[in-house]
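First chain A sits with chain B, and in the next complex the same chain sits with chain C.
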Partner chain A sequence: MNALYVICGIGIFALLAEIFSLKKWISYVALLGLAAAAALIIADWRSISYYFHGMMYFDRVALAFSGLILVVSFFWYWMSSDFFKGDEHVADKSSLTFFVVAGAIMMVAFNNMAILFLGIEILSISLYVLAGSNKQNLFSTEASFKYFLMGSFATGFLLFGIALVYGATGSFNITVISNNTTPVLSSAAIGTQGIPRFYFIGMLLMMVGLAFKISAVPFHQWAPDVYDGAPTPISSFMLTVVKIAAFSAFIKIFAVCFYRYQPTLQMLEQGLMVLTLVVANVAAVAQTSVKRMLAFSGVSQVGYLLLAFSSDGAKSAGVVFYYLAAYSAATLLAFTVIKIVESATGDSSVDKFRGLFKSNPLVAVAMAIALFSLAGIPPLAGFFGKYLVFTLALSNGFLVLTVLAVITSLVGVYYYFKPLIAMTQGEGKILLVSVSDRYLLLILIAINLLMGIFPDIVRVI
Partner chain B sequence: MWLIRFLDNMLTVALIIVPIAAAVLIMALSRQVAKNIALFATLAELVISLVALYQFNSAMGTQYVFTKSWISSLGIAFSVGMDGISLLLVLLTTVLMPGIILSTFNDNSKPASFYSLMLLMQGALVGVFVAQDGFLFYLFWEIALIPIYFICLNWGGENRGKITLKFFIYTLTGSLLMLVALIFLYSKTPGTHTFALSALYEAGRSLDLPHQTFVFACMFLAFAIKMPVFPLHTWQPDTYTVAPVQGTLLLSAIMLKMGVYGVIRWLIPMVPLAVKEWGMTALILSVIGIIYASCIAIVQKDFKRLIAYSSIAHVGLISAGTLTLTTIGLQGAMIQMISHGVVVFGLFYIVEIVFARTQTREIGRLGGIRNVAPALSTSFFIILLSSVALPFTSGFVGEFLLINSLVQYQLWVGGIAGLTIILGAVYMFRTFQKTMSGETNTLTSQITDLATHEKLVLYPIVLLILLLGVFPKPLLDISATAVNNLLSIYSDLSASVK
Partner chain C sequence: MIPIDNYIWLSTVLFSIGVLGVLYRRNAIIIFACIELMLNAVNLLMVSFSNTLNDSRGQVFVFFIMAVAAAEVAVGLAILVMMYRKTKSVDIDILNRLKG
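Then we have the complex of A and B:
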């Protein structure tokens, strides 16, 4: 909870910094604040409690996910320090980022539908602006507009769903809704005792809204364009921090709030999962831009998360946590490289990676490790993520689905390796890598390796 | 005293750690230093394995065991150890590795990272052969793929991007399905689940036939791709041809033994019912592969591709012999794996020597090398004789045992498989005739005979071939106990059925 205060505080500080001309301090305060917030999460580890009359609930899961969000944000902020340099709207962009993080934490720790909605809105509205923050670029503007239109439409679904569930149960509170033991009506008659039909319609609408937020197929249409069009740092932000928040909200709604109906929902979730795995992986094969390819891969990774979640909702939190941590570490590493390549050559098509192994070994090795991890090759973090997912699915008897996931991950290898092969061939020009980027690359490489070789580190937490 | 016992227990671990540590060490060094350190590390590795051989008690089962809990929450342990089967393959690896490093000694185009990948590869290969934990086995199995992929991708020939990707995805398909099977078995182990080999054996044997069949299908696919067994061999000729010679040597001489080893250690004792049910099918596929690959080898014009196809044929025989589930079949497979590793190493190395001097691998353009390079052609001839299984060469013992086991299994199967010797003689002798004998032409007249470092690689190989051909017994003794232990489950099984 204290972490949330700190994050909001920094957001407001960044807004005011413009007025008091403290702009050059923003980045230091931001990094310090993120680190401090992460430390506060650790300090809160033993105190599990409700806040604001049960509106928010920080249990172990929420604390862990908030911690992950803060740590990822920290590295993300470090990576995109260039994005916050220069004269244009530095303070605005920084404060919006912090509001995104604040929204993300609310989405993780909500215990009330109102807070969930507030969190999603705080996060989304800031992101609509950030996605379009490169005003000169037509694609950025398009991304922002598309995201805004589709996003608000999806929020509408979510809100309608919340309203229907409220109508049926008389409460926004997760605990109350989940404890609702009223028997289901056998007929559609309203007015007699029991849960009316529209409770389930509300549940479905909420699933649509949240599936949009986690970009599960078929609600993913916005994702590639938005991730591709938005400025590179913002894309990586959406692919990591926002995805963590959205998925943990998804878990909380369907594994905690509607846990009673998990057996019914399971089939729907598995349908989403199969579509996501197949469509996203196949679509990624055809991409020539590495950034766009990673956008599709970001969608496909949701499929593996859904496989874990749909197998056993209650037990999946730990697996999902590890998977998201591994995925974020690899994605941040890949995007650091993309940022370096992009700033030197202008775009991120596969050709721009040619010859990197000779010209910039460190950058190339970093990219190779990131791609290997995303493809799920041992001994990297991404492999353990996939391994845990497969284990969970198999121990619940989903043999066919696991084999399907294995096959799609082979398709994944095909497209992840395209930049890798390009890097080994031809001659590349030497790119300028700043000292800070170099350290960031080294640290992220170490994280990817350590998480893979000693996965217990993360699982113990 | 305790120190010696401690060191004994650490032998297997040292075999894995030494090359990997050396690989990390040389990454940042200059290429000449890296080359020397790499050679030194592989020689040290050879010494360690020889110590292990010297102290090995061939009457006992798994030895030099080292177990330490690694990821305790998932029941994964760092558990390694060697029985006779493992030891033989580890020896094959450690004997051939110095030769592979030595083969680059007049080649200054390879940077330190090349040697680093080589050593990583060695660590992973040894790891595969000694792992006593299902997860660890999978991990090494997969890690072994990465260095060889980069070796082929970075230093390979034309069109390497596509070909190596095909190779990678092919092998990864198999290994991921194997992972699914291993996790499936893991979830059947009692209590808090474990990946320990013995527990996986228990779990596998207690399954009913449909489930055993599933495990068999997944795992055999992985092993069959690695070997490769017909019809999963299509990655192999391309990859062998495109890879740099050291990559080809690693792939053909050592790496494909991973597949056979997998069948022996992780398939036959794991799911006996399914092996009994489906072994015949797999065996027939292997035999088809023998004939098919031999026929293609006969019409090959490219020297390296020819050897690649001949390798498919030989491995087909090994795999078929293994699947007869008899002592002679398995013993034959063991000795033939060693022999094939040594022979194919020699053959590919000779292809490379000829290629380095003439820049061609087309058999039709060569000829008369015997006149200008007698040492080269004599070495080739001896290695070739072993390849066609002439008595008193290493190839004879293995092929004799293997074909013998197949004849006992089914006469007609043995008969068809026996054709491999005739077909092998056809393509090998024709190759010799066209490349080494005949008139020297303008291209081959400039060929110089073996240089010192080439002699250092080839002569020990020739010597080994002759030695193993005359005294195969020590080798057979090493693996005898392990093979009998392995097969005891089957005699129990058939006894209970009767």
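Then we have the complex of A and C:
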């Protein structure tokens, strides 16, 4: 909880820094604040409690996910220092980033539908602006516009679902809703027996709304376009921090709030999962831009997360946590490389990666490790994440779905290897890598290796 | 007193009109209006449930929805103006540049 105060405080500080001309301090305060907030999460680890009259609930799962969000944001802020530096809007961009992180923590720790709604909106409205922050570029404007339209459309569905569930149970509180079995209002058409039917319609509408947010197929059409069009640092932010927040909100709603209906919901989740795995992986094969390929790969990872979640509900939180940590570490590493290549050559098509092994060994090795981890090759973190997901699904008896997931991950290996092959061939020009980026690459490589070799260090829940 | 069922049907119809509008109209401003219609259908439903259940929480939620919807439209219109300055159009068919 204290972490949330710190994050909001830095967001407001960044806004005020514009007035008091403290702009050059923002990045230091931001990094320090993110590290301090992560430390506060560790300090809170033993105190599990409700806040604001039961509106928010920080249990181990919520604490672990907020910790992950803060650590990922720390490395992300380090990675995208160029995005903030030397820009007249540094204060606005930084404060919006911190409001996104605050919204993400609210989405992780909510215990009331109002907090869920506010968290999603705080996160989304800031991201609409950030996605369009490259005002000279039409693609960036277009991405932000598309994200805005799809985002508010999805919010409409989510809210209608919340309203129907409220009508059936008389509460916005997760605990009350999950324990409710008797109708609170009765009339001629609704009937007086059992839960009214619109409760289930509300549940489905909430699933549609949240499926938009986690970008599961068939609600994914916005995702590749937005990730591709937005400025590269913002894309990586959306692919990591926002995905963690959205998926943990998804888990909390459907495994905690509606746990009674898990057997029915399971079929829907598996339907989403099959579509996501097949469509996203097949679409990624055809991409020529590495950034867009990673956007599709980000969509396909949701399929693996849904496989873990649909097979074991609330117990899958630990596996989902590990998978998201591994995926975020690999994505941040890949996007650091894309940022370096993009700032030197202008775009991120596969051709721009030619000959990188000869000209820039460190950058090429970093990209190779990131892609190996995303493809799930041992001993990297991504392999262990996929291994945990598959064993969880198999131990619950979903053999066919696991086989399907293994096949699609083999398709994944094919498209992840395309930039890798390009890097080994031909001659490339030497890219300029700043000292800070060099250290960041080394640290992220170490994290990817460590998480794969000693997976227990991140298996806290 | 009008039974709650009629309110549920009315707000479902309003919500559906909003959804169909978002899916079928091409003008970005009309789409904004349709999204607002969706949110207002939710508001109507919340208020009528709140009244039937004798519970004030639903009405408090409506205030949150109103405030957030206002913020959302402010940002959305700003993005739309940015878009219009570049393309001189508010038709969403020009959004196909990123496809493929």
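Some observations on this one:
The working rule: the second predicted complex is superposed on the first by the 450 of 461 C-alpha atoms of A that agree within 3 Å, B and C clash if a C-alpha of one lies under 4 Å from a C-alpha of the other, contacts with A are read in each partner's own complex, and residues count from 1 in each chain.
Heads up, the rule we're going with is that a residue touches a chain if its C-beta (ideal position, glycine included) is under 8 Å from a C-beta of that chain, and two chains touch if they have at least 3 such contacts.
What you see is a predicted model, and the numbers here were worked out from it, not measured in a lab.
Touch criterion met: A:129 reaches chain C, while chain B stays clear of it. Looking at the shared chain after the overlay, A:153 reaches chain C, while chain B stays out of its contact range. In the overlay built on the shared chain, the residue A:35 is in contact with neither chain B nor chain C.
By the document's definition of touching, of the two partners only chain B reaches A:402; chain C does not. Looking at the superposed arrangement, the partner reaching more residues of chain A, out of chain B and chain C, is C. Of the two partner chains placed by superposition, only chain B is touched by A:413; chain C is not. When the two complexes are overlaid on their common chain A, residue A:228 makes contact with chain C while staying clear of chain B. Looking at the shared chain after the overlay, A:164 reaches chain C, while chain B stays out of its contact range. Interface of chain A with chain B (complex): residues 357, 372, 377-379, 383, 387, 390-391, 394-395, 399, 402-403, 406-407, 409-410, 413-414, 417, 420-421, 424-425, 454-456, 459-460. Listing the residues of chain C that touch chain A in their complex gives 3-5, 8, 11, 15, 18-19, 22, 28, 31, 35, 38-39, 41-42, 45-46, 49, 52-53, 55, 57-58, 60-61, 64-65, 68, 71-72, 75-76, 79-80, 82-83, 86-87, 92, 95, 97-99. By the touch criterion stated above, chain B contacts chain A in their complex at residues 71-74, 138-139, 142-143, 146, 150, 153-154, 161, 164-165, 168-169, 172-173, 176-177, 179-180, 183-184, 186-187, 214. Taken together, the chain A residues at the contact with chain C in this complex read 113-114, 117-118, 121, 125, 128-129, 132, 135, 138-139, 141-146, 148-149, 152-153, 155-156, 159-160, 162-164, 166-167, 170-172, 184-185, 187-190, 198, 225, 228-229.
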